[in-house]
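Take a look at these structures.
The following pair of complexes shares a single chain, chain A, combined with chain B in the former and chain C in the latter.
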Partner chain A sequence: MLLADKYRPKDFANLDYHKEQATNLKNLTKDGEFPHLLVYGPLGAGKKTRITCILRELFGPGVERLKMETMNFTTPSNKKLEIMTISSNYHIEVNPSDVGIYDRVVIMDIIKNVAQSQQLNVNAAREFKVVILTDVDNLTKDAQHALRRTMEKYIANCRIIMCATSISRVIPAISSRCLCIRVPAPEESVIVDILQSTCKKEDISLPPVLAKRIAQASNRNLRRALLICETCKVEQYPFSDDQKIPELDWEVFIKKMAGKILENQSIETLSNVRKDLYELLSNDIPAGVIFETLLRELLRKSDVSIRETVIKEAAEHEHRLVQGNKQIFHLESFVAKFMYVYQTFMQEMFGDF
Partner chain B sequence: MNRTKKFKQWESFDFGPATSTEKSKPRKDDSNVTKRKQYVKPNSSTSNKALNFHKELAPVAVSDLAVHPKKIEEVENWLKFAVFQDKSKTAKFLLLTGPTGSGKTATLSVLCKTLGISITEWITPIDQEYEYNRTNQIEQFSEFLFDAKYPSLFESSLNRLTLVEDFPNAVIRNPEQFCEILESCRYINQPIAFICTEAHNANVNLQRTLFPDEVLLKFNINHISFNSCAARQLKLALKRAEALVKSNPDVLKQPSSTVIDAILASADGDIRNAMNQFHMASLLGSGDLPTVKISTEEEKPGKRKRSKDSVKLDVMNKDQSLGLFHGLGRVLQPKRKQLGNSWRLVKNVGSLVDEFSIQPQMFMSFLFENYPKYFGDITDAAKAANILSSSVLLLDNWDRHESLEFALWNSILGLMVVNEHKVSKWNQIRGPVRIVKKDTNKIQEEWNGVRYSPMDQYYHNIIKKSDRCHKFE
Partner chain C sequence: MEAYLKSGKLGESSSKSSGKSAAPKKPKSIHWVEKYRPKAVTEVVDQSDVVSVLEQCLTGADLPNLLFYGPPGTGKTSTILAAARQLFGDMYKNRILELNASDERGIQVIRDKVKSFAQLTASGVRPDGKPCPPFKIVILDEADSMTHAAQAALRRTMEKETKSTRFCLICNYVSRIIEPLTSRCTKFRFKPLNENLAYERLAYICEQENVLIDDNDKLLNLLVERSGGDMRKAITWLQSCAILSGHKQKIGLQHVQEVTGVVPAHWLEEFLKVCKESKEFSALDSFVKKLLYEAFAVSQILDQLNEKIINSDEFNDKQRTIIGEKLGDVSFHLQEGGTEYIQLIELGNSIMKAYSIV
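Now for the complex of A and B:
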């Protein structure tokens, strides 16, 4: 088992940071009543950990007996869908965006199933079951509207906890029906502390300098920090202070892509970049992350005088990216625009000589 | 047997009900109404003669057909095989497809006449009849096909062919049922021919709904597809018509050569249409058919580019439907006309937009996939990409039908205008790439239900020393 999973806190008492929020959440579950929740925050901030803590607080240790199931659905157009669910007697967890544009069917069916079957266990602490939906910001508009209706209809015996990285893509109708809880990313010093304490539990000695470097490389993503730490251990143990920290392959990939763009601004490069973008997207790298990494890389290499234009364009295109569904259109448009700006700049430079 | 029509006096060219002269007159604007009244009378007296026009012209011999000889041969071979040679106890099916007026029905009937085969055709009964019979259309239809093996009492010929051109509506709505009917008459020792008109619109394209490839394969249906009439063939047919006009100078007059050219240009390979036009033009009372100069601003069929002053019939502006690829070509390779310092687009953008307003998403994906190959300069490409990205945003967030159209207008007009450094070479059109996401279920299962972010999977590969997850090279 990976370190990140092995030492994941199981109840509120063991949480390492955001302790005040933890007490608030704990108080929230004390009462019999419990609202729908929308937990959001950056990756690796501990959203999921907090959700499991809430579940445990609500239902006791029984909620940890998990079983995995593949559920089958049929769309109105008779297409068969399969989706993985993780459930206990008290809750069910599903990521509806796995089935792409058919997410609406999954949401409606699962919530209906859960909501219509009453809590059978008489000794159960609560009258309701919990449905956990992950990646709600990737849901289609259609699914979100469906969710809104079902949320109201089945509130008597079903609560929904949603998990998202950002609520900008969640329709207001949903976020207003939920208690929104933001889980901010832990600070670097917190990450260093956690790395140290985790390593102590594993009997690994982690030099403070390396811990700091890992925390920096993790980009305040605790899960990633733990993973990097473990990866470093695989590559070289005992640790040394100036050990190489493996860089994420997709980041390297995007950097290469940026290199191509800077090297030659032509239609061929554009087509090349499109292929790369397709590869990234089809491997589930979120478009927003691609955009951010790419922009950072491009800005690093471009002159101060064009940065303003580039950032302006990036802002415009990223906005479109969030609003629309066809991400590749906007990514490519930004790349083309950058090529144009960069080329004009280079030509002016050479014109001066 | 009301519903079966005997073809003994079959008019080979199925022109529909013979057009009376009044109907066939070119519809001019209202100012001409008085003028028309004047010549209604003389024409009506000769309407009997006029009725025969198409009959006279109907092809009798194989040589009269305005169809490619190869196609005729194909059909003939099938007929010979199915009616005379093949003695197996199974039904033989033939499917003829082609655009309107390409001579499908004519070919079949002329060949049957020459080979001595009698045709029994299914005509969908009108509503009243089956109210009495208390059976539905589908039952009647299958019964008809089944009964076809019994020779008619009025018909001495033993060689028979069953023809279905007028498919019952119930069957069209329910293609599975059609399959069942085919299945049921599989073992009737009787050749059956189906005729389907090709249509661009998928909804009315019978061939696609009733005869998909698997049906063709399953029932061993012989499929012969007709092309629209070649210009040469049309010309020959019109020559025959001219000869007919010459022999009847008392009722018909010779249309001017410009009109004939216009007819040829606007018929678009549809011989029925051409004949109707010719008939109209040759009527004694009528003046010259109003024609439209095909100026460069109007839509101009590419083939007739050479003759500068080519004309088209005003009345006969058919709704041309562009195929997807044709439409893409128009957008990606726009033709321009220089006007002093500025230029104009040659093609009408509005009609393009109309054409694809049913599936704008699909058209947009095709445009996106293919536009870079037609651009020679990154400046233009950046503009085009920007246009596409803004249009697709409109498409994604549409609330009314209009916004779909705005999106199409934006993208089509934008791409046509922006491309200043066009790459004019043949490019293969590629279909849009569909982003196929990996099946994450399996990986998740292996990891005891924990789902790792795809962004972190690289570390998993290293820690677990596996290459379970995708690696970016």
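Now for the complex of A and C:
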């Protein structure tokens, strides 16, 4: 079992950070009153952990008896859809964006299903069920609109807990209906502490210097920190202070790509880069992430004077990328634009020689 | 429609049927937003135009087709539901058809369901002999998310059935409703709630619910101010504060800040400082990363930044224009789903540019 799963805290008392928030959340579950929740924060900050804690606090250990189920839906145009759900007697968890643009159907069906059946178990702690929707920021606008009134309508029988990385893509109409809970990423020092204590439990000795380096490499993402720690252990144990910390391969890949672009601006490079981009996309790296990493790499190595233009172009291309539906065009067009800007700049600089 | 009624009245009906044990528990789990929804048209706060029209209709005048538009949480849905309840009394269930974005309402539904509902005639008396208006109401909530085809299909239906049916369209943006429909309706704009009235309402709820608030005036005003005239938001926040602080505990400033998601001022100051002082990309890069790890809502950051820049003396008009324009762009890009990191970098870059102009 992975360390990250093995030592995931199961109730509020065991949480390592954001303790004050934990007491607040605990208060939330005590009263009969329980609002819809929208939990948001960066990757690996512990959103899911907090949600499971809330569920446990609400319904007791019964929520941990999970079963996987495939549910079937039919769209109005008679297309058959399948989606995986994880459910217990008290809750159901689903990621509607799995079905792409048909997410609205899933949301409507699931919530109506859950909401129309009352809690039959008399001994149940609560009279409502919980629907957990993950990745709400990837829902289509349509699906989000569908949620609005549904959330109010069925509030007697069901509560919705939503989980999102960034709240800016959630329409205000939804966030105004929920209690929004912000989960900031843990501080580096906290990650170091957690790494140390986890390793202690596993009987691994982790030198403080290495722990600090892992924490830095993790981008304040606790799950990633634990994974890195495990990978390091596989590569070399006992640890040494200056051990190599493995980088994510796609990051290395993008860095190399940025190097190519900076080195030579020509049609050949462009077609080379196209292959690389396809490779990344077909490996399911989100286009937004590719864009972000690429931009950071390019900016780091380019001059101040072109920075402004590059950033402006990036923002524009990125915007078009989410609007359009062929990601490769926009990525490639940005690369071409960057090459043009960079080359013009270089020629101006060294044109006199 | 029926489901709504179920949920709206669930408290009463189930406590009757399930006996004593559930009765004391039920009322607790009603959300304040639902509990304090206006029950009568006259209770609707601060929307005098529409209230006076509906009041006249209640006393017997004819009701035009309605189009309500305005920002969220200003009482559009509440108003029409309250009016319907008053107009039809117990028959309310049979006399309205409520369709919202969560229901299927493509062109097919408009053609079949709405049309057949509209064609039914309604009698002018209630079962108990009292008179009531001889029409039904079709409420199309969130009409701005209807397709244009579906809207177009409504046009003739709306006119043909005026005898027996009134339509009420509710939307946030009137510009998304096609012209032929708007010209068939009487338009009412719901304006954001007046701060004083919103404050009074919150204070009333606090009193009713026995909520204790530390430093009463200031915190309630903060809630009202941050809600920007959205009553639903303000009430949800108030309730969330009350729950977060625990039973019988006072609500403190930290609860209000947590719930409203206000970004602490020092972050904004640091943002400006980084833009002002650093000439290096890496400084901005690492600051934006750090800011994003805190997971603040970027729209909130933009809001507060906007306020700060407009009110501060540090910038001259030209600088403000540059930053303001970029704020608009960035906010638009984010709404459409842009990446927060890139957009914030872009914003920071413009602020740097603004600083370099003196």
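Operating definition for what follows: the second predicted complex is superposed on the first by the 305 of 353 C-alpha atoms of A that agree within 3 Å, B and C clash if a C-alpha of one lies under 4 Å from a C-alpha of the other, contacts with A are read in each partner's own complex, and residues count from 1 in each chain.
Here is the rule we go by: contacts are C-beta pairs under 8 Å (C-beta built on N, C-alpha and C of every residue); 3 or more make two chains touch, one makes a residue touch a chain.
Note that the structure is a prediction, hence the values are computed from the model and not measured.
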Could you look at A:Ser218 and tell me whether it touches chain B, chain C, both or neither (first, second, both, neither)?
neither
Just checking: does A:Glu332 make contact with chain B only, chain C only, both, or neither of them? Give me first, second, both or neither.
first
So in the superposed three-chain picture, is A:Ile285 touching just chain B, just chain C, both, or none of them (first/second/both/neither)?
first
By the touch definition at the top of the document, which applies to A:Gln323: first (chain B), second (chain C), both, or neither?
both
Counting only touches as set out at the top, which of chain B and chain C does A:Ile267 meet: first, second, both, neither?
first
First (chain B), second (chain C), both or neither touched by A:Leu2
first
Which holds for A:Thr52: it touches chain B only (first), chain C only (second), both, or neither?
neither
So which positions on chain A get touched by both chain B and chain C?
323
In the complex, chain A residues that touch chain C
21, 24, 27-28, 30-35, 40-42, 45, 76, 108, 115-116, 127-128, 141-142, 145-150, 152-157, 166-169, 172-173, 175-180, 182-185, 219-220, 288, 291-292, 295-296, 299-300, 304, 307-308, 311-312, 314-315, 318-319, 322-323
State the interface residues of chain A toward chain B in the complex, per the touch definition above.
2, 5, 43-44, 66, 68, 70, 82-84, 86, 95, 98, 100, 134, 223-224, 227-228, 230-231, 234-235, 246, 248-250, 252-253, 265-267, 270-271, 274, 278-286, 289, 317, 320, 323-326, 328-330, 332-333, 335-337, 339-340, 343-344
Given the complex with chain A, which residues does chain C contribute to the contact?
3-4, 6-7, 10-11, 22, 25, 28-29, 31, 33-34, 72-73, 100-102, 104, 106, 108, 141-142, 145, 172, 230, 232-233, 236, 239-240, 243-247, 255, 258-259, 261, 279, 281-282, 285, 289, 292-299, 329-330, 333-343, 345-346, 349, 353
Chain A-facing residues of chain B, complex
365, 368, 372-373, 375-379, 381-382, 384-386, 388-390, 392-393, 395-397, 433, 435-438, 440-441, 444-445, 448-451, 453-456, 458-460, 462-463, 465, 470-473
